[in-house]
Amino acid sequence: MTHVQQMVQTNPTQASVDESTLVECIEACFDCAQSCTACADACFGEGDLQMLARCIRLCLDCTEVCEATGKILSRQTAFDAEMARAALEACARACRICGDECEQHAEHHEHCRVCAEACRRCEQACNNVLSAI
Amino acid sequence: MTHVQQMVQTNPTQASVDESTLVECIEACFDCAQSCTACADACFGEGDLQMLARCIRLCLDCTEVCEATGKILSRQTAFDAEMARAALEACARACRICGDECEQHAEHHEHCRVCAEACRRCEQACNNVLSAI
Amino acid sequence: MTHVQQMVQTNPTQASVDESTLVECIEACFDCAQSCTACADACFGEGDLQMLARCIRLCLDCTEVCEATGKILSRQTAFDAEMARAALEACARACRICGDECEQHAEHHEHCRVCAEACRRCEQACNNVLSAI
Amino acid sequence: MTHVQQMVQTNPTQASVDESTLVECIEACFDCAQSCTACADACFGEGDLQMLARCIRLCLDCTEVCEATGKILSRQTAFDAEMARAALEACARACRICGDECEQHAEHHEHCRVCAEACRRCEQACNNVLSAI
């Protein structure tokens, strides 16, 4: 059992959505925040600024939104569905935009392929929680 | 001239929206992130958990969204309107929800009154940038 | 292979420390940031403010330091040992302080026990990277 | 009176250090986080990667540490001097390292000059709080 699972289950307030759906989304958000931070850095190290400027920019932005959403979902006390929705919708959009861009470089840069995968998984996980709220 | 203004103006890439509208929004985002962090803490120090639980929760959440948005707007290279919109819409919503809650305690707690003010200003500033994109 | 591992390995710039030591630390930082956010919320939901105020406060603080350190370590381009050390030392200290506090409530609150575990693992992982730099 | 000042004064728990010293530091941390985010982006837009890679990297890192420290200092409930010291020492170091780098490009890039200024002010403000704890 991961720490995220344990933290969700031991919270005195029950989760507002199905536990496994929530856990998956929290883990996907933190994972995608890491991948995007690392992909921005890796792209930057490739030195091909002409080609990768948009990817770097979107990865930096996507990191922020994933981080915010992962932390908001980690809270179960005094849950507010509208606040959760605001964050989740922004996160699904950010991951879609960033994933689309990363995918375009996936053939040439393995880090972009991995990051696109993390973005897709996070986008899906956010949409799953949105459906469940 | 504030540092934010100077940073916007000295960026080699021109801002995608009117400079003063952008500066105001960046400053409002960082200011609201600080106010919300401090208001969650102040409410928590009041000890009136029954009454203030929702306020604490929403202030913590609003902090994350304001921070993310403030940093996304601080970047001018390879601007993506759709990414900016995702963040700004989430931020305007978060500030509205949090501002509404803070306002309900404004009479009894001065920190809630100040924080509601910071939320309103940030909500408005986000909407102004949204109109300008 | 986790995304973190893949991102470390596919970066065009080689990691400045042994890869598995680095990966473990990045994962521990993000994991501890999540556990601390969730533990602050869970403690807050217990309602026992008298007893848990310090735990909530330190968990919120520890989250910030872990997040910052996890992101700094995720970058391999233009690595600066002194910057890494500043973050890692702060993170090891924050995790020690927060882990000590959580441990005191571990018997009564399972979330504090899990969070103490995440803090210990992160403290150790930071010290391992510090030794390797 | 700024929002930061008002938030510090209306907190039910008195600040652990002299109020104006604290306010100055909180404001400097958020200001420096913004300047560093913007400077990384501006340097990146200059396109002179060979020259500015280290500056970009350090600005991104410094942002994280300033943000964390600004939020930790914004909390007055259950203050822990050792946690505050861990964050403040990391922040003073990060700002010194980043400020030194920015200063080297100050002649050619106005954004680096402004960012160096924000770093110096934040480094000093952190050291002032450290002396006062």
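Going in written order, the chains are labelled A, B, C and D, and every chain counts its residues from 1.
What we mean here is this: a contact is a pair of C-beta atoms (placed from the backbone, for glycine too) under 8 Å apart; a residue touches a chain by one contact, two chains touch by 3 or more.
The model shown is predicted, which means the values in this text are computed figures rather than measured ones.
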Selected from B-C, A-C or A-B, interface repeating B-D by over half of its contact pairs: A-C
Same-residue or different-residue interface between chain C and chain D, half as cut-off: same
Taking each chain's C-alpha mean as its centre, the one farthest from chain A: D
Angle of the C-alpha superposing rotation, chain B to chain C, to the nearest 5 degrees: 180
Chain A and chain D, separation of their C-alpha mean positions in angstrom: 27
Chain A and chain C: spacing of chain centres that average the CA atoms, whole Å: 19
Per-residue multi-chain contacts in chain D, two or more chains: 41, 44, 53, 56-57, 60, 67, 71, 75, 77
Contact footprint of chain D on chain C as seen in their complex: 53-54, 56-58, 60-62, 64-65, 67-69, 71-72, 75, 77-80, 82-83, 86-87, 89-90, 93-94, 97-98
Residues on chain B engaged by chain C in the complex (per definition of touch): 41, 44, 47, 49, 53, 56-57, 60
In the complex, chain B residues that touch chain D: 3-4, 6-8, 10-13, 26, 30-31, 33-35, 37-39, 41-42, 44-46, 63, 67, 70-71, 74-77, 109-111, 114-115, 117-118
